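The first chain written gets the first letter, and so on, giving A, B, C, D and E; residue counts start at 1 in each chain.
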Amino acid sequence: MHQNNNYLVETAAQISGVNPKSCMKCGKCTASCPAFDDMDLSPHMFVSMVEAGRIRELMESTSLWKCLSCFACVERCPRGVEPSTLMEAVRLMVIRKQGGHRISADEIPELLDKRIPQQALTSAFRKYSR
Amino acid sequence: MVFDYYPGCTLKTEARELDEAGRRSAAALGIELQELDAWQCCGAVYPLGRDEIAPRLSSVRALAAARDHRRDLLTLCSACHHVIKRVNHDIRTDEKIRDTANSYMEGEQAYQGETKVVHYLEMLRDTLGFDELKNRIKKPLTGMKIGAYYGCLLLRPGKVMSFDNPENPSIMESFITALGAEPVIYPYRNECCGGYITVKEKDQAARTASRVIDSALEHGADCLITACPLCLYNIDVNGTSSKDLPVYYITQLLAQALDV
Amino acid sequence: MSVDKQPFKPLIAAFCCNWCSYAGADLAGTSRLAYPAEVKIIRVPCSCRVNPLFVLRAFQRGADGVIIAGCHPGDCHYTTGNYYARRRMTLLFSMLDYLGIEKERTKLDWISAAEGVKFATVMNDFSKEIHALGRNTRFGDLRCTTAVAQ
Amino acid sequence: MHNSSCTVKETARKILESGQAERLLGWEQDSSGYNHAPAVFKSAGELDRFIYDRFCGSNLSKLLARLREAEGRTAVLLKACDRESFNLLVREHRIDPEQVHRVDIECSGMVDIEKLRNKGIKGIREITESGDELHISTLYGEKRCRSEEVLLEKCLSCPAVSSADAFDAVGQMEERSSLERYEFWKEALSTCIRCNACRNSCPVCTCEQCIFDNPRSGTAGKASADFFEDQHFHLVRVFHAAGRCTDCGECTRVCPQGIPLYLLNRKVIKDINELYGELSLEDKELGKGALTSFSFQDAHPDIIRKRTGDQ
Amino acid sequence: MQRIGVFVCWCGSNIAAAVDIETVVQAMKSEPGVVYSTDYQYMCSEAGQGKLKDAVKEHGLTGIVICACSPRMHEATFRNAAKAAGVNPYMVEIANIREQCSWIHRDRAEATAKAVVLSRTAVAKVNLNTPLTPGTSDVVKRALVIGGGIAGLQSALDIAEAGYQVDIVEKQPTIGGKMAQLDKTFPTLDCAACILTPKMVDAAQHENIRIYTYSEVEQVSGFVGNFSVRIRGKARSVKADICSGCGLCMEKCPSKKAKDEFNMGLNNRRAIYIPFAQAIPNVPVIDREQCIKFKTGKCGLCARVCPADAVDFEQQDSIIEERYGAVVLATGFHTLSLEHYDEYQYARQPDVITSLELERIMNAAGPTGGKLLRPSNGKAPKSVVFVQCVGSRDTTGCGKTYCSKICCMYTAKHAMLIREKYPEVDVSVFYIDVRTPGKNFDEFYRRAVEDYGVRYIKGMVGKVVPEKGRLLVRGSDLLDDSQVALEADLVVLASAVEADASAKGLATLLTASIDTNNFYTEAHPKLKPVESPTAGVYLSGVCQGPKDIPETVAQASAAAVKVVGLLSKDKLLSNPCIARADELLCSGCSNCEHVCPYGAVSYIEQELRIHGRNQIRRIAKVNEAICQGCGACTVVCTSGAMDLRGFSNSQIMAEVDALCR
């Protein structure tokens, strides 16, 4: 993996199609986030850090794995920034790396209960792995 | 009226009742659902990365098939609806995605976003009409106080889904009214149930689901309805509220009221 | 003004609107920002005053490139003149291109009264393009251009 | 077409007999039989000369502008393609619609005699049709051909009679290299003899005095001494019609040199369609055209430079 | 043939260092029309101008070319010199051989050659120049002010005080505008009505002011100095001249269901009503949509009880036609509808209100008599939460992209007033930025925080959640990087300011331009902020962009000064470099009219003698007082009938020829 920082910023921009510069730091995303309590970096921080080029820190962040992709932040952002799309971009950058998977087939059986819908597993695989 | 119908994976397994009740009800209402041949899983989550083409292809195939049949494409599962509608929007608005996706497609004519994606509820509202639905009800659910649980996927992003007002929706409430029951409006009806997070983060899922349940209970709901198997699962299994709150699929109550 | 055996010296006619681009050219001058002497300016009240006939006339009389410069969209002294100019010139340039006349020979740009640097840059760049293209042979009037050669 | 031909004549007769109009603009039998000329009919009695068949290509609407000064109402027969020019002339106040009795007539496409001849069909006596096939009775017996193959170029842009894409040829021209285009037009336009037929037949060319006829315009010029003059004349002609040309095809039809002028007109129309799309309803109501309106979002002319293709 | 004199200026060494002056002087001598060619160190000096005047006399010059600095520098100087010498000022052309030549080209030969080309281009143009004289037109000494809010009132009062007649047209039944709805004003907290109503009375009583309320401008024609305007006075259904304003009709009216617009719909009013106690005129109006008589034909109670017999159900709209020399646009604003912001529950929860609604609640004449009470249950709130930037600074298309400018200050005002009157109530404000540029503004805001204990939270609200009879306001605190959930009884939304809906239509009528937000565009953003691009039309107040009361009043007075300056003239001189149609060439196609940004082209039916016959033709006529000389019309004119004086087709072509020679 290329370790140049500009490259990381560009990749995040390309994958997400989002311009973090249009963020005006109002915090409506953080105000709306149902996963806030579980996150180490709040959505507005996440956007700010992309803008600041701190992608590597974000790739270590647990917020990546807590975002529900519920799009409340996307819906309410007055600047069209789409924080959750940015999170997804960074998440994809992590899972596309060698060993970046967050779930493996071995774990599955113990995560299952009888009623869990197929949709949940497919979603989880799409979110946690390549 | 004939629709091409895209059921989705979960409707063939865990959420069979969502599908079957939907088909029975549609038949009773004179709506023909023509299941697409050889549909593939939509991928369950919409690929947010602009560079993810492969996960969009199954949606594009379904959309192109419906285009070839000159029919609208009807979906029932919220997740499938979300994915297919958004991919359709991508095809219409993003030249790069359109061109790349089409380069993977067989068939003569490039898919340009011609198909209209319709949710079952939209079909009831726009094709049949809730007034007409009300006339067709055989066993009204009189006395039931039902909370509509929209979740995220049907509503957001509002501009792309253009399903209903994303912050103050009304389609399910009108549906409940048409069934003869009383809709209960509660503030968390459009907040997330926890979604896929349930697979690995049970605590987080429990908290999000419980918030929805508590809110519905506080506003006096007897039960919830949803169009999403994952929502149903999260509310039903992960909720840790004091009181029990049954959750049904929209089509279950519809079939019941239609007596089919 | 002999043509033969000399390096190609193009002729570029620049129609500049009085309020923005002509003032931008003045600012380039005041700031001593050089651009090639082959660029020669004709002052018009507004880019919308530039009749396609003038552009054709310039080519006929031996111009190798024609550029029209006006106020930025939204800044027109006459409010909307440059919007009309934009459409006219787009269609004119397209027709010239369609007739096989090199599309790089025509240009329209927005240069404000404050953009002396931009004026010089645009003219330098345009001149470079014309140098690269060489003499206008596809859309000149031999009767006029031979007069120059004499 | 035979049926509609009779009904058209009948309609003309009724109009003149009832006095709904003082005169009627129609077509009269041409001596050659293949290119009926526009004519004014002042009474029902004069209608013996009247004809409406597959060779009535000419567009009558422009003549209305010339009849502006005439007393009383003039009736005019308008084929689908002529109606747009009629509307333009009304919009530009060249025709007073109050003075016109407008009759929309059916047309299933006009035949280009050259195309018929090129198919080796000569000595034509009568043409009848069935479906999309023409039956031509000639001195040498009965001939048949598909009508779309012998239609006037203008008819190919008429959705009622042709399924061809009128812009195909323009698109192909755009695909060529700049030099190829230059050479194509050099060959095509050099044959121009400046007879002005294209201009004189054009329904949008209704200036009181054309700049090419006005010595004070600085643009006047009759002869084409240099190829520039040919380029110039046709560019200016097309540009003056830009946003107004209705693709009625008269210029191409009348050009004695067979210059494909439609390739120029349709190019402008194609550009306008692609770059600017439909006029806003407001602009339409005001009677504006593509060059008398704009949008804030219009493309910058650099869009032309960005086009692909070898230069 | 012209007799042209060419004067090549050295500009000290500015030109002479790079250009061989003598070569230019000599080259010009062989140009057509040139009878005299010379040079001088400083042409713009007294001596240089003297040289020009002498040469005119000596050589009988009819045209002059100055080869010197930019015409933007000294064109006026040389035109005046020519005029003094008896040559028409428009017979002067400048060749710009300094800014566009000597200053940018190092190579002397190259610069000299270019100077020759530029000079001969100017000569070629002068050969075709014609003497031009500015036109004049009369000025009607009456102004029209559209909008009777504080902006319109101030403009009208200032114009009237200067001694000119003014008419105010107001579409509401009363003047006063938005300011009349306000309770207190920042940063001094004086009562809005106390400072506004005296101005309303002044305007009503001023001998130079006529007020048309419940009226709208319907048609405008004409141009600077002479606009013809048609105003429609909507039928009040009450005869204003005999009504005494006793109010008996309102008391008896049985229709009580109409929303009271003045109180922002927080209570109801009758079908016959006066918007508020100090309304001017103090004459009721019947809301025909609500009136039982108009709806069913039965009732008429108001007419029966009216002691003056003033109620007139048959009353028709009245039409007023008047001429004006100048127009002031003061159409003001309204607040953004919040349909796209349902996360704040405005539509569902009565206790979520807008700031303007709070103004009415706080006002002693408002629906609660000035007591802070919850609209849902009439109880006193314990906690109030304000949300700023609702619909402002929004680029998603749901709201407005701009900052509404006044919200920070009025929110501080509201917060402070609540804390002052009800110290037991908690007040919090969610803000993105607090913007307080203005005299005593920041001090005011800091007082709210420091002296009144208003809690300012930097963050935004994501959702308002009704819970247990209260409102849970879920927001973020960015300085603490946390989510906050405040329990509130009242949530106040600072909804964005937007241009009044009438602005767009009026812009079309007056050919004034509006921006993408429907605010009127000023003629120049810095140097002509109260003029519209259309001569004779001026801008006052929020119709040009969001502003507070002091700014509005300042702009209103500025607009008034411009109007007074215009009306004080008897005649207007106009730029003679304007368009003109050759009537013999014009075919009346209207295309020039379509592109004219000023509406300067109209059409007349004119009898012309053509080829020995008289013909009536439709001919374009350019109004010389309106045309600004852009030339847009000349290019759409295919016959070349429309031409621009001073920049004619033949002049420009001659320049092209000379330049390319």
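The criterion applied here is as follows: a contact is a pair of C-beta atoms (placed from the backbone, for glycine too) under 8 Å apart; a residue touches a chain by one contact, two chains touch by 3 or more.
Source: prediction; values computed, not measured.
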| Other chains in touch with both chain C and chain E | D
| message | Following contacts chain by chain, what is the lowest number of steps it takes to reach chain C starting at chain B? | response | 2
| field | Most remote chain, CA-based centroid, reference being chain A | value | D
| Chain ID, smallest distance between chain and overall C-alpha centroids | E
| note | Chain centres computed over CA atoms; the one at greatest distance from chain B is chain C
| request: Indicate the whole-number Å distance between the mean C-alpha point of chain A and the mean C-alpha point of chain D. | output: 61
| query | Between chain A and chain C, what is the separation of their C-alpha centroids in Å? | reply | 51
| query | In whole angstrom, how far does the Cα centroid of chain A sit from the Cα centroid of chain B? | reply | 24
| request: Please compute the C-alpha centroid of chain C, do the same for chain D, then give the distance between them in whole Å. | output: 35
| In chain A, what residues contact two or more other chains? | 37, 72
| said: Can you list every residue of chain D that touches 2 or more other chains, as numbers and ranges? | reply: 218-219, 291-292, 296
| Hey, what residues on chain C touch two or more of the other chains? | 52-53, 57, 80, 84, 88
| request: Throw together a list of every chain pair that touches. | output: A-B, A-E, B-E, C-D, C-E, D-E
| request: Can you check the complex and tell me which residues of chain A touch chain E? | output: 22, 24-33, 36-37, 42, 44-45, 72, 76-80
| said: Using the touch definition from the top, list the residues of chain D that touch chain C in their complex. | reply: 173-174, 178-186, 218-219, 225-226, 228-229, 231-232, 235-236, 238-239, 242, 264, 267-268, 271-272, 275-276, 290-292, 294-296, 298-305, 307, 311
| task | Mind listing the chain C positions that touch chain D in their complex? | result | 52-53, 56-57, 59-60, 73-74, 80, 83-84, 86-104, 106-108, 138-143
| task | Could you pull out which chain E residues touch chain A in their complex? | result | 343, 389, 393-396, 398-399, 432, 458-463, 474-478, 481, 483
| remark: The chain B residues in contact with chain A across the complex are 8-10, 13-15, 41, 43-45, 47-52, 55, 77, 79, 152, 155-158, 166-167, 191-192, 194-201, 204, 207-208, 211, 229-230, 232-233, 236-237
